[in-house]
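In the two complexes below, chain A is the common chain; its partner is chain B in one and chain C in the other.
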Partner chain A sequence: MDVCGSSSPTLREFGCEQNLLSRPDGSSSFVQGDTSVLAGVYGPAEVKVSKEIYDRATLEVVVQPKVGLPSVRERAREQCVRETCEASLLSTLHPRSSLTLVLQVVHDDGSLLSCFLNSACMALMDAGLPMSCLFAGVTCAIDTDGQVITDPNAAQEKESRALMTFAIDSTERRVMMSSTRGSFTVHELQQCIAVSQKASDKIFQFYRDSVRRSQGLRWFPRQIGDESRDGTDVRDDPEHH
Partner chain B sequence: MAAGFKTAEPLEYHRSFLKENCRPDGRELGEFRTTTLNIGSISTADGSALVKIGNTTVMCGIKGELANPPVDAPNKGYIVPNVDLPPLCSSRFRPGPPGEQAQAASQFIADVIEGSAVIQKEDLCIVKGKLCWVLYCDIMCLDYDGNLLDACLIALLAALKNARLPEVTVNKETEVPEVNLENRRSLNIHKHPVGASFIVFDDSIMIVDPTAEEESLSTATITVVTDEEERLCALHKPGGTSLSGEKLQDCISRATTRHREVHKLIDKVIQSAKTPK
Partner chain C sequence: MGELQRVYFRFCCFFLVFLCHIYCFPYQKCTFTDMLSCFKDKVGDVLLPGDVFSFQMPESITDSKPEKVVCGPGLRRNGDEVLVCKSGILRHKQPNLYWIDSQQRRYVPGKGESVIGIITAKSGDIFKVDVGGSEQASLSYLAFEGATKRNRPNVQVGDLVYSQFIIANKDMEPELVCIDSCGRANGMGVFGAGGLLFKVSLGLVRRLLAPQSEIAKDLEKMFPFEIVVGMNGRVWVKSKTIQQTLIVANLLESCENMTAQQRQTLFRRVADGSI
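And now, the complex of A and B:
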């Protein structure tokens, strides 16, 4: 069985925009290759008495598909995203309040759940909600030859015999959330987790860069893994003025 | 006095037991509750099974209906699982449309059926492009005391093994399918996926087979589904505290042990149901 040859995982080119919507308290748009998700966060706001929790905030996640009404598949995704966010948010700082996270699918070209997680994290940051850690979503697919493909597109997902999405936390790089489809061996699972952890380093660096430059709405058209990052500040950039 | 302490400080109550490395119901941290299985109790269904893991009771009924195969896969049938959590099983479920937990459980079961290839959908095809079986697998929880997903999987697997579908022939002249209810055949089960659920307590302690109280106090839940070749069919961890690699490995090894026990149980029950005939 062949194993993922390259040591550094290749992710599709991605981009992010924050604070693009005026009504939500925090919003973000996250694009991975052709997959694009728009996230909006409202909160902390008033909560219905039936839903309130006395010592923490109540987080509600709504996933809106591109076409049609939300179905059972969206509910399962909502549960995954909600529990990941609840684990990283310091919800005890906002008791008896509600936090609402709305995820709108703009285009689905594979790795949708990891795109949800990444856009959710950026939107929660944009809303200024207190978090104990950030999280990054990474999808791995195992194709029929046993190769591990990170960040697969829709065609690669369809051909794969196993598909796994992990949410990796920023503090200890451990697995916060795991959602899998298809069957695989324990060895393949460990490989995919290792690959996802490496990929999450790049995603966290991207979050950092993105927030630093969020005054200018910039896209990052270069492939992650570029060594040309030189740490210049956006204020020194002449074209920014 | 203990009952008062349990209601006022449930977390401390459980912690005091965990310090002694046991749980309020006397089990060890790695011990599963007694699992009992009963099959074929619903005579109107093509296959049925009732599972009890401790107090958690789940019933699965399988009905086969005829339909046209999907356009993009004319040689495949359908398997439609549905998990129902009625208000009967616990006060936390209200009457009305299925809540998030029921829908997420249904999606999980559907993913496990597809991922583990427990039944090949090609076996459900009767006439390519014209007629196929649709297996409606209705999984209903009768008593909710934690560890729903494991019970649902065992019930589904046992019901599928118990299911006997009538033979269907298509009348050449009238093109109408004829169902022979007397002549029934069992389904061909390729794999036997069995799940094991764990919770993480206080961000550090791993507990196997949680009850409903333990689930409500947990910081993370994990379900590992394995098949007889020690391949993983699902690793379901919908968020919560992060897990290290060793803890994950520990869960997987416990899941493989559990698989052997449950597989033996299912085979024993199916065997004993056949022998009186």
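And now, the complex of A and C:
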């Protein structure tokens, strides 16, 4: 939402919650400013024979808009999210099974695709699916003066001359997926990529803090169950075959 | 609790599938002593997928003994590196076992685990069993105690079976048996006349099945009941009256996110009869 120079990019206030839905295997809610998205993950579950892949899991992404039925715009976004998720999931560990990711738009105030990506990443982590890296979505807009705005809201997006969303991975900060609209120069593209990579640091740190907080709520290190887990060895058990 | 509840900790069974060995040579100046000690320092910390610890062999080998690191669930080996692939807390067990303690709802079949399955179909010589994973498991009718081709076991569609996996990997259809390696049932087989089957998270099930489980001890003090706990998150409870059965089921479902203190307070209140 804020205009940035070449120094640290500013993002809107974001918040996240994990494990909030009771039916899906993993769920998360991600809020960026006023944009809010709810994500649910089911899997690894049974897959239809027509859709199964013999050596990897079949990932299906469904985007539900706030009102109305999904249209072509939602399909395009599904494609972007699916490609990013497939690049980071270790889907060869669950062949012939299906993973379904459902994204529900709760409110759209700009930077929707990056909010989808962030909530998808948190939901996949919450479901315990094996991943090789995390990913963060960052949106940049170039306004009519040529200034780069990170995490624009809906009004800024409308007035911008170009809008770009990048998915950045956590291990080497490379671009996994890019989706752009509008006209811009090569120099501006590279500038936006650099800005997004810097902004993704904040998002990854936020993921870490958020997971630390929610793991702390679920696991109580002082419980007796934990100590006994460290003390047993199935090899010592006479009943183990 | 009876033979039906196996209280030894099955978590270590994962290690049979995921074992990998990394030899690290402790070396004074090089990075991987730091890496190994970095790794050891992280025990008890929350790690995220994508965190990498690399153990590299030095060019000149010192005469110290090589150290072995065994990776359990949640850790994968990638050449000389150990990659974290699930989010959770890094745990350590002497002498050299490391794994990620993560919470999950979805069950993934593992060899040797005892689960509660529901018979969904009978086809020829095998039963199809729903265990809550991505595929249905198969259970041969000869895999029951005392079963022969002439003497078929009395198993109908919809029955509950307590059985264990003999084949459970990602490439093959999972297979179950209701006998152990000596041919005895050992508590496995069809059960469940009456009672209630419900689902809890995998973490709670592991806590219930741990050898000195606090939750199990607290539950025992309430009133007598039968319980079968499957590693796939399914729990079956039967008590003298339907009300008591429902009370135990609700207590188990609710004590997932409670501290030990809160749980004991709740159990005490129920035992006193105020709920």
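In the analysis below, the second predicted complex is superposed on the first by the 209 of 241 C-alpha atoms of A that agree within 3 Å, B and C clash if a C-alpha of one lies under 4 Å from a C-alpha of the other, contacts with A are read in each partner's own complex, and residues count from 1 in each chain.
Throughout what follows, a residue touches a chain if its C-beta (ideal position, glycine included) is under 8 Å from a C-beta of that chain, and two chains touch if they have at least 3 such contacts.
Just so we're clear, the structure is a prediction, and the values are computed from it rather than from any experiment.
Peer 1: Which holds for A:72: it touches chain B only (first), chain C only (second), both, or neither?
Peer 2: First partner only.
Peer 1: Just chain B (first), just chain C (second), both, or neither: which does A:134 touch?
Peer 2: Only chain C; A:134 stays clear of chain B.
Peer 1: Could you look at A:211 and tell me whether it touches chain B, chain C, both or neither (first, second, both, neither)?
Peer 2: Second partner only.
Peer 1: When the two structures are laid over each other on chain A, which of chain B and chain C touches more residues of chain A?
Peer 2: C
Peer 1: Check whether A:95 is in contact with chain B, with chain C, with both or with neither, and answer first, second, both or neither.
Peer 2: second
Peer 1: Hey, what residues of chain A end up touching chain B and chain C alike?
Peer 2: After superposing on chain A, chain A residues 169 contact both chain B and chain C.
Peer 1: Within the complex, which stretch of chain A touches chain B?
Peer 2: Per the touch definition, chain A meets chain B at residues 72-73, 75-76, 78-87, 162, 164, 167-169, 172, 174-186, 189-190, 193.
Peer 1: Sort out for me which residues of chain A touch chain C in the complex.
Peer 2: Chain A reaches chain C through residues 19, 25-26, 43-47, 88, 90, 93-98, 125, 127-134, 169-171, 207-208, 211-212, 215-225, 228-235, 237, 239-241.
Peer 1: Please output the residues of chain B touching chain A within their complex, sorted ascending.
Peer 2: 100-101, 103-104, 106-108, 110-111, 114-117, 219-220, 222, 227, 230-245, 248-249, 252
Peer 1: Which residues, counting only chain C, touch chain A once they are in their complex?
Peer 2: The touching residues are 6, 8-13, 44, 46, 48-50, 52, 74, 76, 83, 85-89, 91-93, 101-106, 108, 112, 133-136, 170-171, 180-181, 203, 206-207, 210-215, 257, 259-260.
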